[in-house]
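Below are structures written as structure tokens.
Two complexes are shown next, each including chain A; its partner changes from chain B in the first to chain C in the second.
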Partner chain A sequence: MPPAGVVVAIALLVIGVCALVIRRDLVFKLLALGMVNSSTILLLISLDSRRSTTAPIVPPSAMAAVVDPLPQALVLAAIVINFAILALALVFVMVLAERYHTTDAGRIERAVAQEDER
Partner chain B sequence: MTIVAAPLIHMIAAAICLMAGRRSRWIVLAAWAAGVGLLAYWIGVFAETGPIHETVGDWGALGIRLALDRPAIAFLLLEQLLVGAVIAHGWRSRLSSAFYALLLVLAGSVCALCMSLDLFNMYVLLELLTLTSFLLVAYERRSVQIWASLKYLLLASLGMSIYLAGVALLYAQVGSLSLPQIGEVLASLSPGEAGWIPIAAALMTAGIAVKAGIFLYSLWLPAAHGSASTGVSALLSGLVIKMGVLALLRLSVILPIDHVLTVLGVMTGIAGALYAIVETDAKRALAFSTLSQVGYLLIGVGAATEAAKIGVLMYIVAHGMFKGLLFLAIGDAGERVGSTEISALRIHRREIPRSSRVAVLVGCAAIVGLPFVGAFWAKEWLFVGSAPVDRALLWLLVFCTALVFSRFLPIVLVRGRCPGERNKSLSYALLGAGLPCTFALAGVLAPGRGWLMGTTLVHAAWTLAVVAAGVLVGTRIPALMTLRLPRSLFRIEEGVVAILAGVFLVYVTICAGT
Partner chain C sequence: MTQRGRLTSILAVVLACGIGGLLLWSFPERSAGGSLAVARVGVLVSSTGASNAVCSIVVGSRLFDTLFEILVYSVAVLGVRITLQGGGAEGSALTPSAMHELAESDVVCRSAYLLFPPVTLLGIYLAVFGHVSPGGGFSGGAVIASGLLLVAVAVGAQAVARRFHERMLERIEWGAVAVIFAIAAVSFLDGVLPRAGLFPAGNPGELIGSRTLLVYNLLIAIKVFLGGWVIIHFFIEHRGEI
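Here is the complex of A and B:
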């Protein structure tokens, strides 16, 4: 039986990808993308968690079993990158919403294609 | 001197650029010149002592492994030539300091990525490339560009998430992120102990394929490369796409994905060429042809022989040169004519500057691999290194490429004396001079293997025959161009579904091979 975190991560991934395909609103699409990205982060953390281990802060005396600290350090970088991507994408959605007065992906696609042909 | 210097110089110069305002183009030029100097020095060191290895932040087993090996040398050469050409091309265009800063960040992350041997470091740098190219595509802020780059960001971010999930699985199994260490562990595993490795390999390969310009994965590419401004498209098609190919090249050393890459190569080679044949817009046709050209590289990597790998590296450099040349020249021609539609370019061909027309002609000759133009030597190494089946597939791709570029011939084969701008001619000249460089590159990458490979004349004759057949078919059977192919494939939703289907395809192929 895999750790509970892994199961939750896979569930989040599936929900996120489905929402990315089904929802036509760009803001929802970005939320779904955020879910997919977070699910990966959860996967990275929970794959290396073991039962009866503690946080990787090694006390000077005890030799307690600790979690591998490397994934936790990596996740920080991944979180920052995902934040930057979502922030920049939202700015672009904002610009498109100002120009076309909609955040519907299908409508924007058609409007852009029409404008391109002219 | 430490090899971290190359990315560092670019990143520091990018920060200075933002402060320098109008004078930033001189700072870019200075950073570029410093990069050229470093590269020349390292090529000298490499030729004498072989690859240079370094570990950054070495606390026990945790450091990031960097190496200045054969792929890194080839990529640094490509980066310097292409960035130099883009700087020359935009010298009088009054580009803002933000553009130059982004250009330098892009160049810096390319420098770092081509030396990186660490899976997570590769993830961070690929994401940095995504972000900078996302901003560069939308630099002119036209709606088409903003929409194309938003699609790119969504799909690329999804792809990198899939890659990171693969890295997480691999790390849980192997306990290391550095490629040489993972390679050692995997080599010592017996066949029954594979565990999560096939799934991890499938996720990582498919995730990177989204960024590598492979058909079915990179469906964002035609819109982004077709709508970006001239210099940016040249950089994206010539350089950024190849970073994904480089990551696949590094992965193929340790993971069992050789035949997966062959399958993907054939798929992208043929599908990209079909779309390029029916495309009416010259820039989009070039973008589709990039998808098709990645096919050569993947088939070469999949062949997994020493000669084929050298051929792949040479072809990466050559393709960067001639695709950059074609994008710059067609972009300039389009600016003069007012449209990049092939029919419009054909009607107004006398208004296109002579230097642009010559550049398109040289680019076409190079992309089909006419004898003794740069790319020819790269293709020869590629053919010598691959098995007979792969070789037949490669000839099919040469035929398709000739078919695509036969449509560009009417644009250039005309007399006319329309003068061009001097800095643009300089950028063409830089890339044109880079083409013979690929020939010299073989001397650095494979010393002692001889300059000519003995099969040159046979290969030249075959090339001429196949190219002539392609051009004949292209010019005599115009009905081919009216073929109808599905267009709805290039929306976001279809892109996501295609990536998921692609993960499955890679996994099935890996399982079938082992």
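Here is the complex of A and C:
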């Protein structure tokens, strides 16, 4: 049986992907994208962590059982890039909402199609 | 919702559940805290002199990855700045009286001002001691930016922004990025040029003597703090007060 963190991460991933596809509101889609990203972070952190292990910070005495530091370092990149992507995506949603007065993806698509026809 | 949309949704849910189940079923059994992790931590700590192995990877062996990560963050901040600069939403510009109405009560404002110095101090501590204890430049900068957000929520972003010189902040932000890249370029020549390694690795656990990790963490904290503030400021200015 995988660790509890991995199970929760996969559950979050499934919920996030479902919300990403089903919800039509762009803000909700971004929230779902954030959830998918969080699930990836949780999965990476949970990969090698167990109750008996400690953080990969060397104590003065010994380093008996430490967590692998590599996934934790990779997670940092994921957090920063996700923050940057979400900030930019929110700006684009704001621009679209100002132009078309809605955050519904379907309505925006129809409005763009009507503009193209003109 | 149309029938086609409903069908797509059901298909998406079934597919997502299937992929989730497959991931759970195929998850490999691993032994935690194996000898590989211990060996990796040992090598990292001895090579950089920093007792935090994660920090050793982020601004040590994975430095160039981190540099481009900073670049991506900077480009995103620039994107937010360029897209939102000057073009506030129609009717979102607030008059001084409206801003006054939106400001929080005196208790909240004073509490925010009281909390800001310790929060900033915590952020600086996380950045400075990031290589010997939990923390680092990214988390330190994020904590300081959160402290400023607290003040901005309480007294209003416009009032906070008036205290800063926007152009100066921009210069400091990009200056920090330039210095990070310059130090990385000099460090890259370690072994080619004499003293290009800048600082030698000391004993693990000591504040000074972990190569350039302390400098990187401080500069990254400045960059993240200022970038975070720019994003917060432009979002609030564009849409009105929180």
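Just so it is clear, the second predicted complex is superposed on the first by the 116 of 118 C-alpha atoms of A that agree within 3 Å, B and C clash if a C-alpha of one lies under 4 Å from a C-alpha of the other, contacts with A are read in each partner's own complex, and residues count from 1 in each chain.
In this text, a contact is a pair of C-beta atoms (placed from the backbone, for glycine too) under 8 Å apart; a residue touches a chain by one contact, two chains touch by 3 or more.
None of the values given here were measured: they were computed from a predicted structure.
Peer 1: Return first, second, both or neither, reflecting whether A:109 touches chain B, chain C, both chains, or no partner chain.
Peer 2: first
Peer 1: Check whether A:2 is in contact with chain B, with chain C, with both or with neither, and answer first, second, both or neither.
Peer 2: Touch partner of A:2: chain C, not chain B.
Peer 1: Is A:70 touching anything from chain B or chain C once the two structures are fitted on A? First, second, both or neither.
Peer 2: Touch partners of A:70: chain B and chain C.
Peer 1: With the two complexes superposed on chain A, say which partner A:36 touches: chain B (first), chain C (second), both, or neither.
Peer 2: In the superposition, A:36 contacts chain B only.
Peer 1: Determine, under the contact definition given at the top, whether A:27 touches first (chain B), second (chain C), both, or neither.
Peer 2: Neither: A:27 stays clear of chain B and chain C.
Peer 1: Mind working out whether A:14 is in touch with chain B, chain C, both or neither, as first, second, both or neither?
Peer 2: A:14 sits against chain C, while chain B stays out of touch.
Peer 1: Is A:90 contacted by the first partner chain B, the second partner chain C, both or neither?
Peer 2: second
Peer 1: Quick one: is A:98 in contact with chain B, with chain C, with both, or with neither? Answer first, second, both or neither.
Peer 2: second
Peer 1: Output the chain A positions appearing in both contact lists, the one against chain B and the one against chain C.
Peer 2: 13, 17, 21, 47-48, 68, 70, 77, 81, 84-85, 88, 92, 95
Peer 1: Quick one: which bits of chain A touch chain B in the complex? Just the residue numbers, please.
Peer 2: 13, 17, 20-21, 26, 29-30, 33, 36-37, 39-40, 43-44, 47-48, 68, 70-71, 74, 77-78, 81-82, 84-85, 88-89, 92-93, 95-96, 99-100, 105-106, 108-109, 111-112, 115-116
Peer 1: Which positions of chain C touch chain A when the two form their complex?
Peer 2: So the residues of chain C touching chain A come out as 8-9, 12-13, 16-17, 19-20, 23-24, 27, 30, 32-34, 36-38, 40-42, 44-45, 51-54, 56-58, 62, 65-66, 69, 72-73, 75-77, 79-80, 83-84, 89-90, 132-134, 136, 138, 204-205, 231, 235, 238-239.
Peer 1: So in the complex, which bits of chain A are touching chain C?
Peer 2: 2, 6-7, 10-11, 13-14, 17-18, 21-22, 47-50, 52-53, 55-58, 60, 63-70, 72-73, 76-77, 79-81, 83-85, 87-88, 90-92, 94-95, 98
Peer 1: Under the stated contact criterion, what part of chain B meets chain A in this complex?
Peer 2: Against chain A, the touching part of chain B is residues 62, 120, 123-124, 127, 130-131, 134-135, 138, 141, 143-144, 146-147, 149-150, 153-154, 157-158, 161-162, 164-165, 167-169, 171-172, 175, 177, 227, 491-493, 496-497, 500.
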